[in-house]
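Below is one structure. I have some questions about it.
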Amino acid sequence: MTIRMLTAGESHGRAIMAIIEGIPAGLVVNAEDIDAELARRQKGYGRGARMKIETDFVRILSGVRHARALGSPIVMYVHNMDWNNCKPLMSPVSVDLDGTILEKPRPGHADLAGLMKYGVKDFRDILERASARETAGRVAAGAVCKELLSIFGILVQSYIVQIGGVCADIKSIPKDKLFSKAEESPVRCPDKVASEKMISLIKKAGAKGDTLGGKFVVKISNVMAGLGSHTQWDLKLDARLSQSLMSIQAIKAVEIGEGVNFAALNGSISHDEIFYNSKKGFFRNTNRAGGIEGGMSNGSPIEITCSMKAIPSLAKPLRSVNIISKKAQRAQAVRSDVCAVPAAAVVAEAAAAFEIARALKEKFGGDCIEDMKKSVQAYKARLKTL
Amino acid sequence: MTIRMLTAGESHGRAIMAIIEGIPAGLVVNAEDIDAELARRQKGYGRGARMKIETDFVRILSGVRHARALGSPIVMYVHNMDWNNCKPLMSPVSVDLDGTILEKPRPGHADLAGLMKYGVKDFRDILERASARETAGRVAAGAVCKELLSIFGILVQSYIVQIGGVCADIKSIPKDKLFSKAEESPVRCPDKVASEKMISLIKKAGAKGDTLGGKFVVKISNVMAGLGSHTQWDLKLDARLSQSLMSIQAIKAVEIGEGVNFAALNGSISHDEIFYNSKKGFFRNTNRAGGIEGGMSNGSPIEITCSMKAIPSLAKPLRSVNIISKKAQRAQAVRSDVCAVPAAAVVAEAAAAFEIARALKEKFGGDCIEDMKKSVQAYKARLKTL
Amino acid sequence: MTIRMLTAGESHGRAIMAIIEGIPAGLVVNAEDIDAELARRQKGYGRGARMKIETDFVRILSGVRHARALGSPIVMYVHNMDWNNCKPLMSPVSVDLDGTILEKPRPGHADLAGLMKYGVKDFRDILERASARETAGRVAAGAVCKELLSIFGILVQSYIVQIGGVCADIKSIPKDKLFSKAEESPVRCPDKVASEKMISLIKKAGAKGDTLGGKFVVKISNVMAGLGSHTQWDLKLDARLSQSLMSIQAIKAVEIGEGVNFAALNGSISHDEIFYNSKKGFFRNTNRAGGIEGGMSNGSPIEITCSMKAIPSLAKPLRSVNIISKKAQRAQAVRSDVCAVPAAAVVAEAAAAFEIARALKEKFGGDCIEDMKKSVQAYKARLKTL
Amino acid sequence: MTIRMLTAGESHGRAIMAIIEGIPAGLVVNAEDIDAELARRQKGYGRGARMKIETDFVRILSGVRHARALGSPIVMYVHNMDWNNCKPLMSPVSVDLDGTILEKPRPGHADLAGLMKYGVKDFRDILERASARETAGRVAAGAVCKELLSIFGILVQSYIVQIGGVCADIKSIPKDKLFSKAEESPVRCPDKVASEKMISLIKKAGAKGDTLGGKFVVKISNVMAGLGSHTQWDLKLDARLSQSLMSIQAIKAVEIGEGVNFAALNGSISHDEIFYNSKKGFFRNTNRAGGIEGGMSNGSPIEITCSMKAIPSLAKPLRSVNIISKKAQRAQAVRSDVCAVPAAAVVAEAAAAFEIARALKEKFGGDCIEDMKKSVQAYKARLKTL
């Protein structure tokens, strides 16, 4: 069965939750491993007050027994500490409130479009679900997927390459140090000098009530060739990864490999020539394609760059209109981060891990880890005979 | 019922086909309208010999009676003229061939990954389906979707902004002339000067046996607010459009609105402030978001930029390895285009039209045009009361 | 967006949960209404010890604010009281148990097949999810769907027609009394005499350590014509209802209208002739088809009969084999009901309500109740002009 | 990737088609094998005039090269000979007809419900797709699935057990002769005496302008344990098979194993006790469950009984109403079969084969036959160690 995943929960409701099913039985699932990913998501210089309230940890409500996946749906529950402050506001039960509603939609958010679509008066009914707090659920589900991938040696990692106008100098850093250095940086940027500039930029933006966007890379290493398929538009791995990554709040561009740079390159220098030796088998010396050719993984690392817009919840709000009075007013001020690019990169790892795990399950089947392992081994053995 | 679409067919097989279902009954469907889109896909300076063999036209095999959709699955069949030259090679029946197979996979194509995944010896078994000729099917299905959208005033259009190193100067062209000018240009570029430079660039590249990529914009006008949804990762309109567009052969980047430019922008200048007057209702003076906020259309035009890599079938082939002998050899030379960016833009219109039609059907339902119209009217009337 | 529903949770785990999405915003959702359905599921003469431990009630964890659906995923949580007695046994965390595992699979249950499929040693890993306690989640989701249907006057109801060898005399009961009488009966059977015989039969079976199956009818009233579709195999309403109902634990037959009786009937007496008068429009005097023709609702009530096998958890267990020793042994004795047919009928109402709600949403769209209402009204108005 | 299948085509349109994807590369696909199944569908005493016009054979339009599946979508095209007689009537192009439309909907058919749903005037627009001629597509796709299953020794077969009031005496026939005897019978009934009575019954019904229904069994042999899953309602194998079989035109009841008989049986005699010996491993001496426990195949043959209503196209039509005049009239007389139960059984084999193939692919993965085989072998080897 394919892997399916849904999230649920409002930002100031009781909890953010994820349900994931199709995880092979026998996979080791520990709350601590998931919590470690949740903690990575909460970090990053530039996060706002909410992250001071929350210290996310997961409660596994189903699908895991004695630290092993049962093969049944896994529900992960991340409590919103802020719920304690918001109970009447967000109660599932009818409550006698003073009738205060949010009336000044924030440009760049789901507020206005959602209010129109769903016919609600108070755009809190929209923003509570549109909020990027939802991504706690995706990170929890992604952590389980990462665990599954790790059995096959597949790693999903990320690093920041740009925040606002500051770009990192990635080429000067040894490839095998990129992630360890990113993990050490308060903004997940492996370039130490750029890292410091980014922090100072965030400080300045914060002081002005402004926010910042940026750019990051997600890298999936040790993926076998053959995930995804060229045979149908909705089976292509790059297309599925794009959906998954573009669905992350505030992501506005997804690039595979050289991405937008391809537009300017001639064909003679756009592709990854093919080589062979008896030890490595077929191999490439370049990876412009970002590990995907014809909608399939080609055995090189998958590399994707995502661009994120600056968070639209500004301490110094933008011009808007009061929904009721129709008068021009500044948008609702809502507590927010100055820069969430480092967090978004961690979310993107989770989203990518989910898609790779799904593609893996579809290709290899296997209701338990043992069966899946055998199926993968047989495939790899066949490839060696090529 | 939601709209579903699959394509089928090999590049040199009997035909390329598309099946689309969920189109409301009563929609006017004429082969000529579809053929006009197929012709737009075939045009473009830089296309190769294949386009001289083919003059695509559709045969509607099912789902349409007396020029009206029945509500049942519509199968569209586009014959491959080249099939007549390839019958033994591509026969569904066992044939006594001399055993010649394709042995030198082309970097940048599905050839090698597909050969590994599907366990085939002759990578013709892969390239025949991976070929962008498949997009004739998507264009046919997209033409039907465009027809549906046109009932609601929704237009899906495209123009080229870059080919190789040549960029168009889009800002100097009046917005309402962009598409008429693009249609007149042999490379679908509204900037006449750039257009000529592009043509000369293509000529030069062709002379060297090289190929070119580029960049184009897809614009969807007159979309009502509220398509897509912020409530679940796989319902977001931007994410679905990204999957659809990234699934087009050789597309390597998808940007919504300002796209990659967002990374460098502060929040204070990243969003589209909200205004109101009694005539227009709520409106924006900018469209940095590209018409989508929180995974929903916001009423502004949807604008997406796609980057395409140069075609990997080169007249002067890249280095590769012979699958059988494992010796270093140049890749298989395969007849191809020098530049297919203009064609890809037309395909992208079709892919986008499909996603918008799908989102429309999911939001408004309607098994016949009359019912769908009433549902849309009632919605628009409600929005006016806001 | 279509309505999606997944359940999660193990029988003695922390909770049974359901996630349902696509419910239009603005629908009134009260925990009490859901609890009333959960209580109906728990009732029924013949239920076992577990139902004495549990008094199910729902906690709505997401998707509802101030008693109104937000349009976002609704998570419903039903706590397992028995969890308190089973914490170490079912803990998601590794626990030092004595290593006792379930070794004697029960014929008629998922135990043995599941153990093979999922490669587990202890078939508790299977039975915990296979248990019909899962249906608490479906009943909770179904209660929300019933609420949605009620807005359009659609009712989903059930009554028992057979338990073991005792058949009810349904024809002698006025149609409009069937459900009120069923609700009064401890076995949900509207025929009072049969009802008493059923109870006495259950008593006897229980005393012998045996169990009982039976048969019930689900009736969906006031459905408009046109749900489902004849155009594709997987869109047919009868087929979807069959999947949904057959997926309920222990259901082994689904009949639409006359069902198995059709086999013996000539065509001249198998169908529902069509009549017309200006007041009713088109109507029928019979309903042999059970309200579905050509995979679509035809405006008559939908009537489905389900047959349920006797519960395979017997106080006097059947012959089995010890998984470890391979010796012939009696199956594991597991606490269970003597007869759960009345409960299964309530679950079937929920399953049917889900499918009808899903078909309704697909046909009419509507992100909020107001929009959906208008779409339905316009459709009904059009039908009146026929 | 999972196996997907859609059909298309109108009864008197150009063709009936099926598209199936996800079939592993390398599977041998011959048109003759498919044609043999199409011929089985056309046979059966009681078929009408249409079957004299048509001699169905398939053209494989895509997805197969040199008699081997490519792993890409397979389109199968079955030409409607009757199309030659119906071109203006069914033309996809606007045609100047005399305006004759079908006005008298047939009870028991999609005619009236479809006309309402799709807002059409002429119910030919509905019946053309609702017609059971569509099943030619399913049989073609099912033939490919059967080919895939045969590699793993899995057989899908059927036999008729009842036509009208005549029931076969199945118990007196050796199990291994059931299908060979069914194949020899003009009504696919293995009981020769009953077979003759059925034929004579059909003769009589035909003479009276009446039609007949019946009952048949589909049996799937040599299925490994573990297809389907108990973990989620929509993954259960029995539920999926029910959807697939109930979606066949005129099928009104689906029973798994003992089916409706279970209602009357005590638990002590309802299940299949478990035995073991070192040669067979775990085994059963009975198969009341029909090969499915807990939504999973259990290693016993899967046995399903379907009941079919008599065809509602009667030579002596039923009472109906003229759609335009609203006057009571006899329903439209449409050429039809007297009894199509034998044909429906062949269609049911195809529908079941599709679901089993789909479940197999989901469990074992495998993009080519070689990979799938290894995955199945490893699983079977693991089961032997139990």
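As written, the chains take the letters A, B, C and D, and residue 1 is the first residue of each chain.
As a convention for this text, a residue touches a chain if its C-beta (ideal position, glycine included) is under 8 Å from a C-beta of that chain, and two chains touch if they have at least 3 such contacts.
No experiment lies behind these values; they were computed from the predicted model shown.
Student: According to the touch definition, list the chains common to the neighbour sets of subunit B and subunit C.
Tutor: Under the touch definition, subunit B and subunit C have A, D as mutual neighbours.
Student: Could you see whether B-D or A-D has the larger number of C-beta contact pairs?
Tutor: Between A-D and B-D, contacts are more numerous in B-D.
Student: For subunit B versus subunit D, what separation do you get between their C-alpha means, in angstrom?
Tutor: Whole-Å distance between the two chain centres: 37.
Student: Taking each chain's centre as the mean of its CA atoms, how far is subunit C from subunit D in angstrom?
Tutor: The separation of the two C-alpha centroids amounts to 26 Å.
Student: Using CA atom averages as chain centres, what separation in Å is found between subunit A and subunit D?
Tutor: Roughly 44 Å separates the two chain centres.
Student: Hey, what residues on subunit C touch two or more of the other chains?
Tutor: Those would be 6-7, 21, 71-73, 117, 119, 129, 226, 229, 231-232, 363, 367, 370-371, 382.
Student: Which positions of subunit D touch subunit A when the two form their complex?
Tutor: The contact residues of subunit D facing subunit A are 1-2, 21, 71-73, 226, 229, 231-232, 235, 361-367, 370-371, 374-375, 378-379, 382.
Student: Which residues of subunit D touch subunit B once you look at their complex with the stated criterion?
Tutor: 4, 6-10, 13-15, 17, 19, 21, 25-26, 29-31, 60-67, 70-75, 77, 90-95, 97, 117-120, 124-125, 128-129, 367-371
Student: Spell out the part of subunit A that touches subunit B in their complex, as residue ranges.
Tutor: Those residues of subunit A that touch subunit B are 5-7, 105-117, 119, 126, 129-130, 138, 162-165, 205, 208, 210-215, 225-226, 229-234, 236, 238-240, 242-249, 252-268, 270-276, 278, 282, 284, 289-290, 293-299, 307-312, 314, 316, 318-321, 323, 326, 328, 331, 351, 363, 382-383, 386.
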